[in-house]
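Two complexes, one shared chain (chain A), two partners (chain B, chain C).
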Partner chain A sequence: MGWQQKVLRVDLNAGTCTTEPLNMEWAAQYIGTRGLATRYLMENMDPAVDALSPENVLIFATGPLGGTLTSTSGRYAVVTKGPLTGAIACSNSGGKFGAELKFSGYDLMIVTGKSERPVYLLIEDDEAKLINAEDLWGRTVWDTEETIKARHHSEDMKVASIGVAGERGVYYACIVNDLHRAAGRSGVGAVMGSKNLKAVAARGSRGIRVKDPLRFMKVVEEKNQKLVDDPGRRSLTKSGTLSMMNVMQEFGGLPTNNFRDVQFDGVAKVNHKAVREKRHGHRNLLTNKACFGCTIACGRIAHIDKNHFSVVNRKEYWHASGGLEYETAFAFGPVVGVDDLDALTFAGYMMNEHGMDPISFGVTLAAAMELYELGVITREQTDGIDLRFGNAEALTVMSEKTGKYEGFGRELALGSKRLCEKYGHPELAMVVKGQEFAGYDSRALQGMGLGYATGNRGACHLRHDTFAEDMEDVSGKGKAQPCKDSQDNVAAIDSVGICLFTASAWDLGDLADQMDAACEGTWTAERLREAGERIWNLERLFNMKAGLTAADDTLPPRMLKDPAPTGMAKGKVNELDVMLPEYYALREWSVDGVPTRALLQRLDLEAFALADSA
Partner chain B sequence: MFRSLHIDPAKCTGCLQCELACSLEHTGEFNPARSRIRVFEFEHGLRNIPYTCTQCDEAWCLHACPVGAIGVDTLSGAKDVSAAVCVGCKVCVGACPFGTINFNPDSGKVDKCDLCGGDPKCAEVCPTDAIIYGDADWSGLDKMRQSAAMSLMGR
Partner chain C sequence: MRIQLDLKGELEDELSETIASNFTVAEGVTLEDMLKKLPFVDRVVLTSVNGTVIARSDRASLVLNESDKVTLLPAIKGG
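Now for the complex of A and B:
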């Protein structure tokens, strides 16, 4: 119950779509979405293969509560090997596509091989077929979505697709669904492009049953009330995540000018208040918007001022669309020194229309700006654009050029790590395992630094939660335990197939109650936690089989050697040397970061033990 | 008290909890495709409009039905389809000017909003009060009040 119990296997080499039963034993151990897809990935590929080769496998996965009345139940995850990182990639997205995939009859979709010609996949009530997409190749996400819906006479259809960025292998290309929701990180869109798969369109009327509908509805009502009453939820509904901007500014953890600084002078022009101020009679922020089944509705719908230089002669961008949340605002604002709200919003449109991760794009642009400042990159190379920090035009022009894979955008397409290596300054790349930092400086937020360094998909703010501990004390002390614990918890939450933002009000017990009423077996908080730990370790094992080692669990020298210039952490660096050994020990890993055999035995992961597991 | 559904699209976030609750009530499954209330999204999500049967007094569907399958629920006033009588001819689907009565290929009959027998689940789960089930006597009164307030603003 909860599941459709069906997996769709799409072999792009042969051009076939086949159905197989969902492995319910794995579902019992790995829950769904992130965890279950990781288990399937392990079974279906060699982690050592090139991420952009046909041998990589691309999995779309929903969760056991997906498509039910549990709040935020519409999420799906894309799990594959990430081209940006060479590590496991696991990007999840909201909107309506994930639930629709499940209503079309499938819990999971496994895509293997590479199509000879561009194709898109159409799934309608258990029937799946590949359709020629040569006419869609080269077109934007927005255009593709509209065209596919029109072709099949179905506005109800939900589409996940890539833009030119994914087709051309921009290392941080993402998969966009429902116009402005995205499986954003690690370059999952480039994997889709490398397989010549332009889009997946789903539509269905295959209902989802739960084990005990009466109990389920009673539990859901109680849990939803808990969300309603939660102050964190209220803030997300009212201001989205953007209220974080002021918190980080005050604390001194707001990455500015490629992480040289931790506070930004222009913060009042790009924060949660700025989006409500009128310019030319109109506010930037128009309304909030929910994803499927979500009672929080943190999503922002905004528009660009028609008088702004980026769109003044371009009517096609005068409509409303997805607006700024904290990560996009940080990545187009402070970290590149830009304080022009409409330029930030325009860059956001470009990310959605062309299919790119805003965090990686923004931090890559920031690295390029620092290289430009050093004179390593010159105006001749940047298509005549003055690539200095704070130049709003550099942001708007480069976001579009990268999305279209034109001019200097082809350099920015490399991501910070490859770009900085190419220009001889690898130390300027603000990355872990090749993936760019999110909007939190790890000198101010020490546990965040440990989470970045040990993140299985590279630097990420959504794989652990040490926020409270970090705000309490600026040191490496006592951060390893909450980092480890929250990593396991988040792996479980993600794998249920709901949004991490429910964690503001719900703990694993609240999820277990809903799982228990909906799914086979007995679900408890402890069972979810253990599954989370299993998932975390399986991801780790994937990475080690892919060739990553403890040496990859590190931060750039700027975080470890250059003290924070201002703020609460003034004079401090990240104390990773203190935290990491403590973390390995808590994880029951060797000093080289390898999971011990005893641990793998406890988690039923022995089959994946590495040759050097002690 | 005679009650009716009041829908305020300005409050709708497009979360589709109404569709999920409706489909569970009527099919025992979560299945928005079988929901009798649907939320339509326009302009990149700027506008989300919940839409369902308004329970017309002189209902087109009721008058069009050749077998008399559509009646009036005396308790709620809802126009209700009798599945035992409906032959699935879809004449009502063509007759309804709003498209709010739909053919269901699973059952071979038509589905429409029946106000859940006087306890509509869509209104119960709506997290923003975009859908409420209230006194039919004040349908439109809120809008009237808003307009009245506007008329004072010129002073």
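Now for the complex of A and C:
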């Protein structure tokens, strides 16, 4: 119940698709999506292999509440070893593809090996087959999705695919589903491309059985009402995540000009009010949009002014598509110094059309701009584009060049870490474990910095929640405990198969009530919390087996040595040296960041103990 | 007397700009007293008056003055 109890295994070396029963003992311990896929990943690959080699394994996973009546139940996760980081990659997406995969009858899809020629996978309930995709290779995400749907005469089919960025190994290429939802981070699209897998198309007709249907419906109704009444939910519906722009500006945590600054002069031109205002007869925001089964609808649908320089003679971009959210707005706005709303929106279109992570692209472009202003990179190298901060043309041109893997876009395809190392300035890469920071400065938000530094997939704002504590106090004091606790909680929420934004209204008890009505066994908040802790530690063990160490739990020198220039944390640097030892102790890890044997025993993870586990 | 309430993030949806920028309070009222009148006080994480952050422990002793700009920030969620 809840789970479909079936796994689809796709062997690209042999060109075969087979099924096997889901390991229900693992499901009981790791739940689904992120957690369960990590358990399968550990079983199916050596974490030390090259992320872009055929030996890497790519898993698409849904959760036990996925596709059910529970709000936001359309999530799926892609779990693999990430090329951007060399660490575990777990990238989560909304839209409708995840639910469709589950309606096809599968909890997980495990992809191994590499196809000789480009293929796409077609799943129609029990039938799964690989189809030649040589004609699709080199085409955009949008074109690929439209072509596959037309070929199979099905507008209802759901497609997840990669663009040229994934094919050519852009280190932060993503997998896009439903045109503008994405498993965005860590380069999971590049892994898919390395396997010559262009797309996965699913069409399912199976329902999802739950343990106690009447109780489940009653519980779902009660929890949905709680979500409806929640002011955080109301704000997400009305303004999306973009309303955070003003908060971060006021607080002084809005990364600007590659994190040199923490407040942005042009904020009023790119915030949640700007997208609603009419300028030159054009309003950017058209409406909001919900993913499968979602009662929040934080997604934005926007369009670009037809007279804007980026699209003036390009009718193919005059249509409505995915609009700006906080992270995309930060990554195309303040961090590169650009305040041209249509240019930001165009860059967002490029990310979706060609399949790239906007956060990593924006922060990489910001690093390139700083290198350009230092004279390390010259105009001759940037295809004649003036790569200074604030140049909207640099943003639009480079977002397209990178997506198409052309010109200087090939350099930006490296990501910040590799780019800055190549040009002799590794200190300018705003990354942890090779993955770029999200839109929060970790001198102002200290717990965020600890979360970035200890993030199992590198710098990420969606693996913990210390916002309230960070804004109460701009020191590192008292941040380790909420960071650790929220990391465990988020791992559980992700693994259930729903959206993290429900956490505005729901705690683990609310999730446990729904799990308990839908799934085998007895589910409590404590059981979910413990599963989250188990998942976090298993991800850590994957990384250590991949070769990462405590030395990777750090922040760039700019965060540790250069004081915040303005804002409420003016004069502060991140106090990681204070927070990290406290965090390791709370985690029951050694001073070298290695999970202790006693911890592994408690979490039933002894089989994965490292040789140096104390 | 009038003060200016400067609401950020999701709090911006709670009061119209006209009401917020002409918010009326009694003479001698403290920041804490003023906050208690707001139905969304539980969601206020950070307060500043005229650009200076006011610690939670100091809210009860800080007396507001005519034309003060009181900025209120909510806890936020990433995305």
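Quick note on the criterion: the second predicted complex is superposed on the first by the 614 of 614 C-alpha atoms of A that agree within 3 Å, B and C clash if a C-alpha of one lies under 4 Å from a C-alpha of the other, contacts with A are read in each partner's own complex, and residues count from 1 in each chain.
Here is the rule we go by: contacts are C-beta pairs under 8 Å (C-beta built on N, C-alpha and C of every residue); 3 or more make two chains touch, one makes a residue touch a chain.
Nothing here was measured: the structure is a model prediction, and the numbers come from that model.
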item: Which superposed partner A:217 touches (first chain B, second chain C, both, neither); value: first
item: Partner chain in contact with A:247 - chain B first, chain C second, else both or neither; value: second
item: First, second, both or neither for A:136, with chain B first and chain C second; value: neither
item: Chain B versus chain C as contact partner of A:299, first or second or both or neither; value: first
item: Contacts of A:603 with chain B and chain C, given as first, second, both or neither; value: neither
item: Touching partner for A:231 - first (chain B), second (chain C), both, neither; value: second
item: Partner chain(s) touched by A:568 [first = chain B, second = chain C, both, neither]; value: second
item: Touching partner for A:467 - first (chain B), second (chain C), both, neither; value: second
item: First (chain B), second (chain C), both or neither touched by A:288; value: first
item: Touching residues on chain C, where the partner in the complex is chain A; value: 8-10, 12-14, 40, 43, 45-46, 48, 53, 56, 71, 73-79
item: In the complex with chain C, residue positions of chain A that touch it; value: 231-232, 234-236, 238-239, 241, 243-244, 246-248, 250-251, 298, 325-327, 438-440, 461-462, 465, 467-468, 471-472, 500-501, 503-504, 568
item: List of chain B residues in touch with chain A within their complex; value: 13-17, 20-21, 23-24, 27-34, 40, 43-46, 48, 106, 125, 127-128
item: Chain B contact footprint on chain A (complex, rising order); value: 67-69, 96, 99, 103, 155-156, 178-180, 204-210, 213, 217, 224, 228, 286-295, 297, 299, 301, 319-322
